[in-house]
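Heads up, the next two complexes both have chain A, just with different partners, chain B and then chain C.
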Partner chain A sequence: MDKYYRKWLLPISLPALILFFAVIVIPFVTGVLYSFTSWRGTYFAGGANAFESFVGFENYVNAFKNEKFLNAFVYTIKFTITAVIAINIVSLALAMMITTVSRGGAIYRTVFFLPNLLGGLALGFIWQFIFQNVFSDVLFGPQGLIHIPALTNMLQDNTKALFALVILVTWQMAGYMMIIYITGLNTIPRDLYEAAQIDGAGALAQFRVITLPMLMPAITIVFFLTLANCFKLLDQNIALTDGNFNTRLLATQILRTTRDTAPPDYGMAQAQAVVFFVLIAVVTLVQLYVTKRREVELH
Partner chain B sequence: MRKKVLHTVLYIALTVFAILTLAPVAFLLINSFKSQSEIVASPMSLPLNWDFDYILTASQEINFFRSLGITFIVTVLSVALIVLASSLAGWAVARAKTKTSSVMLYMFTAAMLIPFQAVMYPLLSLFEGVGLKNILGLIIMYGGFGLSLSIFLYHGFVKSIPPSIEEAALIDGAGMIKTFFTVVFPLMKSTTATVIILNSMWIWNDYLLPFLVIGNASSRTLTLELYFAKMTSGQFGNPWELIFPAVFVSIIPIIIVFLLLQKHIVRGVSDGAVKG
Partner chain C sequence: MRNLAKIFSLCLVLALPVLSLAGCGMDMAGSGYDLYIFNGKGESAQALKDAADKFSEETGKKVKTFSLGSGTSSLDTLRAELNSKNMPTIFSIVNIQELKEFEEGGFALDLTTVTDENFKMLADEIPENMRLSSNGTNSFGVPYNVEGYGYIVDTRMVDALFGEGSADDFLEDAKNASYEEFQNLVIAVDGYIKNNTAASVVLDGETYTLRSEKTDLSSKLTGVFAIAGADKWTYGDHLVNVALNAVFDNPADAAAATDAQIASLKGPLTAYARALDFKTSYAAGMNGPVTRGAEFINTTTANYDSAVQIFAQSKALFIKQGNWAYTNIAKINEEIVKTLEFIPVKLPLTDADVTSSVETAEQLNRSISVYVPNYYAINAKATDEQKQTAMDFLVWLNTSESGQKFVTEDMAFVPYNADHQNITTDNSLSNSIIRYMEDGDVISNPYGGAPVNWSGDVLGLEIMEKYLTKEKWTEEDYSAIAEYGISKWNEMK
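Let's look at the complex of A and B:
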């Protein structure tokens, strides 16, 4: 039987292999190769093909000298750290509240999940108006409900726009992560808490000693998903500020950098994309390694 | 007694969060019936009269039925391609326990770390070169991008079911392909549901790939229509009386599908995460 499966492995995987090579492997390898050339999108500067226009690490050097790229790099990291923390706190709090109350949990779960289904671009447009008009005039403006200058004109300021983006993605993603936390919380046996109560452990101690360790697998997944989603965020960034006021995230930067120069420097864009890939790969692998190790230690 | 107080506090907190979650959606609804000046002057109040003109104009502006149809076709065909290719591959990789199959699994899953931006420009230039910078090319691209997670999920599921059932069919002389479609594929139902849900959710709303592949051509998806509606008229200030109703009509289909299938969707999300 094993021989039979072995014989059929490649023919049966063929559709997947063709798609995979055409869409991911070949473009990825070409992309890395092109990052060492003066690729201009439709032709190669200084030669007839990729090998003749080879420029070594010049594109990488230029990328790290490019102020917009460096700015996007730092901005992406700041945004990701803030957003991952915010999403995790909100989604875990929601999950714990929903699993604690006895009735009506399903309705709340449906409501909180809803924003996930709507596209980042469509949501971004609505929130752009909310930040510009509702926050700045009606709610927190000088003539508003309560005057909070920090919450006005959030899209016209580099730092405020970062928090505007965090508010938007937390509002959007918390419901999804909440579902994963709820699934995780439901696997914790109730009698563990009862035993802890008899031993006189308070709510905080129960959370630290029982909930957190038992929830580690869910935490691993949620961290993985939020890190990846925030690092690669694009639609919301474009819809809210369109990268103005130096608010480009890396994904937006790589898309827009070809418009910054004439002729468009696709070689350097590709170098930025390779750096982006390395950053994501390293961060996610380190995160998986660290949280997985904690899972093992705690069990 | 203490428990009752706690529950009341929790319900209040949950309700506050629920209102905050729904507020932007409610806000979208009421502003889809107002003129530009009314939206800007009183964004928080109910419309003076429920005027459907703005919704009709916006639907025409974003070619609602055409773009809805295109988005639907692209999503359905892409997801069908993903399901077919990844269920076959996931099964084959899980059953053939060879060096090649573990290398394949490793390759498919490692690709999850590659961000779209790292392949975007070469991919477009490759597909343009072979005349696939169109809807068909878009579907093939989605087929490729959806593989990694889907193969991973199918592989995990197949590993958990014993091969004895399919082996019985094989010994009876049903070929590999026939065995797959009559015996294996029906068994994978729950994984297939998860794969369909997770992939439809991002393909339906995706902006960047259609933008790069289709751009301003006539076969625009719903998200693209929204983008161009905002960008082209944006030079005269934001035309909110167009944007609000356009966003509103574009999210109605998703909300309907969600309300009908919410149980499956929520389960799909948690299954996809737990097994992933």
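Let's look at the complex of A and C:
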């Protein structure tokens, strides 16, 4: 078997490698190169090619001087922290509920997973309707079931819109993360709990001492997925508020940069994208390192 | 044998990505046409294609046209096409903000440098205030057409409010009416809708009395204005453009604004804020009047589509829109589109506020904004032969009888260069624009020369976010809106 793989490794992986180079590596390298030039989408300002219009770190300096970029930067971090916490709590709670119910577990699992099958834009517009009409009028409006001002017109305020977006992505992603947690929970041997019960440990203590440490591999994956996905969120942001009320996330900000400027400053947009990449890479790598170290293995 | 099979499968595996990638570049090999037109106006896609076919038939040149769906920004696609080997020879540019990119990139051909006699004549005859010019002397585009906007009103509704046969006089008097008279009209109609009070109003010296009994039509009204409250362009773009006309003659003038000119926007922008406060206090809704507040900027119930629907279902007397809204209104109500007319958007300006060549507040308030929404530009990087074909096409389209037929009938455009006295279209709103042009009561679109995104994304958004949810606006608010507009202009220019 080993010999077989050694012989066929290259031919089998070659198509994937070629595609990976063509659609990821080459555009990525070109992009980084363009972030150091005054690329305008169709031409290089102040030169005939990329090297003649080399501007050094000017695009990066301009990006960090750009108020909208800084706003989006801070807003994205605030959103990601809130969303990652919310998604993890909800998905873990759902997973623990489903692993303890005796009947209908599969149905619940399917139902909770369903939102994940919807595309971001469609989801955004559905929730726009829910927030603006169902939340604002039917449920929490002055004439609604219970009047909760904080839950009305959530898309017309910077802070409320952040939580609106968190509610949306939690609803969307929790089901998927729940599946990972369920798998993790199922690998924990029952006898650990039995032993703990005999020793007189309560439910909380069992969760803290057995469930959490044994679940660390699942937590590593879930944290990684939620962190990366929340940082990169685009469609839902555009569908829900389109960046109004200063609610642009970084991805939206990068997309809109070429519309904010004339001639379109693709160079600066690209510089923002590189910063964006570095940010996601650093945060997720640090997270992987930290959570990996906490993983315990049964020997 | 086994080796052969191995090599064969290796080849297959290698061919897969190569084949799939080749699909992207299929049309790179040989263009197969003499002229490639990239059209930015999706509405006229089919008509332009038909015109191109007719041109091919007459000249034997092969023409390829490309258009994206209406309402989608085609800029990104255009950039990609300009980067490709077979780039378009004719492409479209919307205004001088967009021109910057194509001028600096060397794509836009300066039409004043052209030597071809027929084309030179066409280029020279583009009226000066309609030229796509970055410095006043160069010219980079041949207009598609002209469009205009104002308050659209249904003449049948006017008859329903003020008695049969009153519409013709009403239109003339409403056009000439002062801002105060217009205000009184709005208040009177609002009282009529809400409390059935049949008051009288004076417009340009003539008295109009509301009928004592509502008709079937007028009882549908829920408010005076249909407003797309959740769309930021509602508060920037076209509405603020009327105020900008008090200071600037055209987009080029606005793009080259002096500090003094920007400072002198204070009066017009304050007047604009005041008028906006008034207008948004008399909004119509689906089931009754709408007041300012969260509901007013609800993106699911107060967007462009709902505003058009409210107007098309006769629930509002006025909607501020252009003749381009004709088809959308027709989709909802086939009947109403036959009897639509424009009246000007009016602002509480004084003559001192008006420093542009419009000269008086009265003239500004009796004019509607008419301008070129899109230009055909010729790609300077194309070969001389391609450029020649492009010029021949534009000359044919804009001067030959068969070309003009496509412009006026198939595209349903108001041509920029035609003798307007001899033109009537099937489109009531286009006819209304033609009448305003004949009377010389037109103003321009200087907002197209304001800093990029200043009107909609900056000023419009600020007003929407901070003020539209406020019940009462104060004098300080008017002033703050004007100051914000001026300071942002200075910052962004």
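Basically, the second predicted complex is superposed on the first by the 282 of 299 C-alpha atoms of A that agree within 3 Å, B and C clash if a C-alpha of one lies under 4 Å from a C-alpha of the other, contacts with A are read in each partner's own complex, and residues count from 1 in each chain.
Throughout what follows, a contact is a pair of C-beta atoms (placed from the backbone, for glycine too) under 8 Å apart; a residue touches a chain by one contact, two chains touch by 3 or more.
Since the model is a prediction, treat every value here as computed from it, not as a measurement.
A.B. asks: Under the stated touch criterion, which partner chain does A:T152 make contact with: chain B (first), chain C (second), both, or neither?
C.D. replies: Only chain C; A:T152 stays clear of chain B.
A.B. asks: Of the two partners chain B and chain C, indicate the one touching more residues belonging to chain A.
C.D. replies: B
A.B. asks: So, does A:F113 touch the first partner chain B, the second partner chain C, both, or neither?
C.D. replies: A:F113: touches chain B, not chain C.
A.B. asks: Which partner chains sit in contact with A:L285 here, chain B, chain C, both or neither? Use first/second/both/neither.
C.D. replies: Only chain B; A:L285 stays clear of chain C.
A.B. asks: Does chain B (first) or chain C (second) touch A:N133, or do both, or does neither?
C.D. replies: So A:N133 meets both chain B and chain C here.
A.B. asks: With the two structures laid over each other on chain A, which partner does A:M97 touch: chain B (first), chain C (second), both, or neither?
C.D. replies: Touch partner of A:M97: chain B, not chain C.
A.B. asks: Figure out whether A:A22 sits in contact with chain B (first) or chain C (second), or with both, or with neither.
C.D. replies: It touches chain B and chain C both.
A.B. asks: With both complexes superposed on chain A, which partner does A:Y43 reach: first (chain B), second (chain C), both or neither?
C.D. replies: second
A.B. asks: Name the contact category of A:Y176: first (chain B only), second (chain C only), both, or neither.
C.D. replies: First partner only, chain B.
A.B. asks: Where on chain A do the contacts with chain B and the contacts with chain C coincide?
C.D. replies: 11-12, 15, 19, 22, 41-42, 128-129, 133
A.B. asks: Which residues, counting only chain A, touch chain C once they are in their complex?
C.D. replies: 11-12, 14-15, 18-19, 22, 40-43, 45, 128-129, 132-133, 136, 152-153, 155-156, 244-245, 259-264
A.B. asks: Tell me, which parts of chain A touch chain B in their complex?
C.D. replies: So the residues of chain A touching chain B come out as 1-2, 4-6, 8-13, 15-17, 19-20, 22-28, 30-31, 34, 41-42, 94, 97-98, 100-102, 104, 108-123, 125-130, 133-134, 138, 171, 175-176, 179-180, 182-183, 217-218, 221-222, 225, 231-232, 234-235, 238, 250-251, 254-255, 258, 266, 269-270, 273-274, 276-277, 280-281, 284-285.
A.B. asks: Hey, which residues of chain C end up touching chain A in the complex?
C.D. replies: Listed in rising order, the residues of chain C that touch chain A are 9-10, 13-14, 16-18, 20-21, 75, 79, 82-83, 97-98, 100-102, 104-107, 232, 294, 297-301, 452-453, 457, 461, 464-465, 469.
A.B. asks: Within their complex, state which residues of chain B touch chain A.
C.D. replies: Where chain B meets chain A, its residues are 6-7, 10-11, 13-14, 17-18, 20-22, 24-25, 27-28, 31, 40, 43-44, 81, 84-86, 88-89, 91-93, 95-98, 100-101, 104, 107-108, 111, 113-123, 125-126, 140-141, 143-145, 147, 151, 163, 167, 170, 176-177, 180, 201, 204-208, 223, 226-227, 230, 238, 240, 243-244, 247, 250-251, 254-255, 258, 262, 265-266, 269-270, 273-274, 276.
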